[in-house]
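Below you'll find a set of structures to go through.
One chain, subunit A, appears in both complexes that follow, with subunit B as partner in the first and subunit C in the second.
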Partner chain A sequence: MQAVRFHGRGGQGVKTASRILGAAAFLEGFRAQDSPIYGAERRGAPVSAFTRIAKEPIRERGLIAHPNLVVVADASLIQDPAARVLDGIDDCTVLFVNSPLNPDQLRAQTSLPGRLTTLDLTGIALQQFGKRGAISALLGAVAGRLVGLRQESIREAIARELGDLGLAASAIERNQKVALQCYDAVPVMTIEKGAGPALVAAHLHVPTYEPPTRGSARISASANSVLRETGGWRTFRPVLVPDKCNGCWLCFAFCPDGVISMTKDDKPVIDYDHCKGCQICVHECPTEALVAEREKEGGVAWRAK
Partner chain B sequence: MPWQRETFKKIKQIPREEHVLPGTTLCAGCGGLEALRLAAKVLGDDVVYVNAAGCFTMLATYPFTPFKGSWLYTTMGSAPAGAQGVRDALDVLIAKGRLPKNENLKVVVLGGDGSTYDMALSSTSGAICRGLDFYYFCYDNEGYGNTGMQLSSATPYGARTTTSPCSLQHPTGTMQEKKDIFEIWRAHKPPYIATVSPRYPLDLEEKFARAATFAGPKLFLALSACPTGWLYDPSETPEVAKLAVETGLWPLKVAINGGVTHTYIPKRKPVEEYLKLQGRFRHLFEPTKQEAAIHHIQERVDAYWEQATAEKS
Partner chain C sequence: MAGEMMTGNLAAAWGARLADVDYIPAFPITPQTEIVEALAKWCESGAMAARFVTMDSEHSMMTAAGAAEVTGARVFTATSSQGLLYAFEVLYSVSGWRAPLVLVNVSRALAAPITLEPDHNDVLAARDSGFLQIHAETCQEVLDSILMAYRIAEDERVMLPAIVNLDGFYLSFTREPVIMPDPERVKLFLPPFHPAHLGFTASAPHALGVAVLGGVPYTYFRHQMHLAAMNALEVHREAAAAFERLFGRRYDVIEGYRLDDAEDVLVMTNAFASKGKAAVDAARAQGRRVGLLRLRVIRPWPADAIRQALQGRRAVAILDQNLAPGQGGILFQEIAACLYHEALRPRALCSFIGGLGGKNLSEGEFRAIFEQTAQAGVQGKGIGPVLLYTEAEHREMVQLQVLAGALKS
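Here is the complex of A and B:
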């Protein structure tokens, strides 16, 4: 059995990618199972999805603790403990990371385990589609290539899954074309089907009953949400061109997260530790004094502290 | 007499201080969060938020909170009842002299449209009837957003949700009309109801500032443009919110003791401009344009404003 785990941020399309992979495997006559992890799935928050592919009926259910292949749609997740990207990975696991860096560069930065392969899907999507958006078809195609599925089944699976989401035929065709480019471009790592680690029953914690006065969560700290940094959500960061700023306050007024403050002489200061990169400020700035710059790994990008 | 802003006339009068701090896990570009952030600039820190389950659950996921004040979590159907308990407790403490009068707190309910239009409707009705002194802040993103956008009774005709998809039998997606919760509330004659938009910050701030002078229920509906559920790029939240108002689909108004005043009269752009920005309406344009459905939406807007202007004159 091939067990594939996808990690990404809400909105990148990892759930659909796992469905595309599952559908493609099914079309080739395999048994397939795919499921996302349900919780608060929202743009920018860590999301994961799972696909199992086998010739025999699949009895296993639930989360994939020991994947053969891990597909990471956003490299900044590797450092996010909440995303648990590296759970259950050993030296046999193949790890695909959507990154402009090559495996050696990436490993130098992150000391990743497993056997690493990379491709800059975000860059390809920006170049081909001209805008940021979901890269589900691209992720699905790359995963399909790495587990050894055929091009035709990936193409058909993309049509089915994106069609279900209500995408226009022209958009589906564009996605198929770019996805198959990625299929061809991704450096292949053969997935070893070793014995795999022995299965251990998950440890079950049975909570004891406490009366509501003791058992209810209570926070007596106030306004501590700033401890959680959401800067890693960004694909693009807004950058100020001071000469162009006319000090109109619109970026400050429309920032949903309140991460833009105004100096005494009416210039915006952006809190990059918390800016989620929605680009509202860039979009609303009347003088184009705020521009979007792609986040680069290893460069000035936000890093978890 | 046309409505005029008295306190908030210029954008630089928006208070600089933030009362909803960053670090929440709400979506990037959340229109609801933007509306709450602006409202909180008037409400201040001396607030007990009573939060019905919904997207705003993510404001204060344990152990983090973006507020300096308190936050109490309730089920979707019972936030106004929770607010009653908090208000009563504060009143008792003040009456007994255990809480100084000048340390009184505002009680503010936060509810999404699933809670407001559906599950908490009876609870809200009860609270208004009892004259509860509280604020109600509804962030209306026209669907159950926190669970992946299912149909609510706030979902408008023609929108696609996961439980009202575009299909052969129902080519328009949602077939029902958006429930007019403003009128349902107004029938109770509370002292203050207002609709607001995050794209009209001065209108929003002014309404919250004026509401403070009224005792009793003060209710707010904020149309919360939602990139995740409405399927558009997060950077377009202000644009989508603006077009909702400029097309006349989301009238900005107040009802003081039942009497309605429109606070902004849009020139009314064609509704198409609003619809075509959003993926949830894409099926009305592709693969074949559903002229009848778009026309129907336009007609409803036109009829609303004809009636509104007739009543005024």
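Here is the complex of A and C:
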């Protein structure tokens, strides 16, 4: 069985990518299973998705603890412990990271286990589509290539899954074209089967009663959202072009996370430690004084602490 | 006879009054309304120092009750039947907040078809909600159980909300003598409520019932609720002893009636258990060695006490005043489960369904129950669910069908 785990941020399309991979495997006659897991469906929050592909019946469910292939749609997730990108990876695991850096450059920045391969899917998408958007077809195609699925089934799976999402035929065709470029371009690593961890019975903890000060679902810590830095959720950041700003305060009013403050001369200041990169301010700015700039590894204003 | 004539509803209201509750969110529903009417009157006259608020629904009522409780107030509320079901979602939240309020449910069978008289599908629907459940047989027990419920619920080892159940009409509107506990002694029995994990300070907010994902923290908190509910067995034992010391009346998690030498035992709950006891007397007069076991605390499930009471009997009949369509009697299933590991388990377990929608249980039906149970015991093979319905009742039903146009006469 091939077990593929996708990691991305809400809005990047990893759920759809896992479905494209599942559908492609299904079309080739394999047994397939795909499923996402996410919390409150927030754009930018860590999301995982799982695809299993096998010749025999699949008797597993839910999250993949020991993947053969891990597909990372956003390199900033590697540093976010909440995303658990590196869980269960061993020397046999192939790790694909969407990054403009090559594997050696990436390893120089972050110590990564497994066998690493990279491709700048976001860069390709920007170049080919000319705008920011989900890269599900590209991720699905890369994953399909790495597990050894055929181009034709990837093409058909993209049509089915993006069609289900209501994309126009022309948009689907563009996605197929770019996805298959990525399919050809990704440096291939052969997936090997790891031995996996030895199976032993779990050591069970016998629960004991604890007083409700401890045993009830209660948080009494004082305001702590400032401690949870969400700057790493961004794939794009809003950047101010001061000359164009007319000081209207609309960005301040629309920011759903309260991370924009205003100076005395009516210019916005963005708290990049907490800005999630939703781009609502960019969308609302009437004078185009806020623009979206892609976050780059190594050059991020925010780093996990 | 000591005491004064009082309905079960008024006894429930007195329970709340004597418990010196701080807050009563209310919504009327037959046959519970008299409870909140009495409390409203007392709050208005100043006889009670509680704040009484009429809400727009039972859902809001339970939400307000839980929210007030978590600020550290002692809260009472009451509902029935459809009202309990309308509040259902909130029951699980309140128990998860570990907010030990007391809710009185006046049992009334569930629609459809709609009716006003009791059976226990309403209160038993809440059996997995995390609320403790005490089911009362008499008006006196209603009042006393509310005081016990607060003491047990508010114990640091428990901290779970409690339902005290009484049957609509058969207790709610039925007057019988009730001895009023001395308020000064109630203060000794029920100390002021000062929960360590609840309370409200504007400068130090806390969040309750927060979102937890991934199953690990969720499982921990659910385990804690289970352990808390199980602790309530021991806490109940202590409360029962203290209550007896102060007031001279004793309530255990189960009550045995003429069990000592009984070879066959009938299991019942709530107000109809009084009729069951009379039926036991009648059967004994005819030479049958039978007894009755009344389940008083349903949550936590007093498995050990039930096993001890039922082990070694020839046959046990469970009379469920509820019906799980497609399954049978709810309490039958729980009793069967807890007897499975008992080496001396009864030779036959018999399931009877009766008293639905407040339908009378006649002496003849009890006699049929005892006869069928004895026979099952002799044969060593359980029966049921037996759906109790007499031929006379069926003839009455046919007449109604004619009137309703369902049958051509």
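Assume the second predicted complex is superposed on the first by the 277 of 305 C-alpha atoms of A that agree within 3 Å, B and C clash if a C-alpha of one lies under 4 Å from a C-alpha of the other, contacts with A are read in each partner's own complex, and residues count from 1 in each chain.
Basically, a contact is a pair of C-beta atoms (placed from the backbone, for glycine too) under 8 Å apart; a residue touches a chain by one contact, two chains touch by 3 or more.
These numbers come from a predicted model, not from an experiment.
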Considering only touches as defined above, state whether A:127 meets subunit B (first), subunit C (second), both or neither. neither
Output check: A:261 vs subunit B and subunit C. Expected answer is one of first, second, both, neither. What do you get? first
Partner chain(s) touched by A:279 [first = subunit B, second = subunit C, both, neither]: first
Using the superposition on chain A described above, determine whether A:211 touches subunit B (first), subunit C (second), both, or neither. second
Once chain A of both complexes is superposed, is A:246 in touch with subunit B (first), subunit C (second), both, or neither? neither
More residues of subunit A are touched by which partner: subunit B or subunit C? B
Is A:287 in contact with subunit B, with subunit C, with both, or with neither (first, second, both, neither)? neither
Residue overlap on subunit A between the subunit B contact set and the subunit C contact set? 40, 217, 219, 222
Under the definition above, what is the set of subunit A residues touching subunit C in their complex? 39-40, 207-213, 215-220, 222
Note which residues of subunit A are touching subunit B in the complex, please. 10-11, 40-45, 131-133, 166, 168-169, 217, 219, 221-230, 233, 248-250, 252-259, 261-262, 266, 271, 274, 276-280, 282-284
Which of the residues in subunit B come into contact with subunit A in the complex? 11-12, 14, 16, 18, 20-31, 33-34, 37-38, 55, 57-58, 60, 62-69, 146, 148, 160, 165-166, 198-199, 201, 227-228, 233-239, 279, 282-283, 286-287
For the complex, give me every residue of subunit C touching subunit A. 96-98, 156-157, 159, 195-198, 204-213, 217, 220-221, 223-224, 227-228, 231
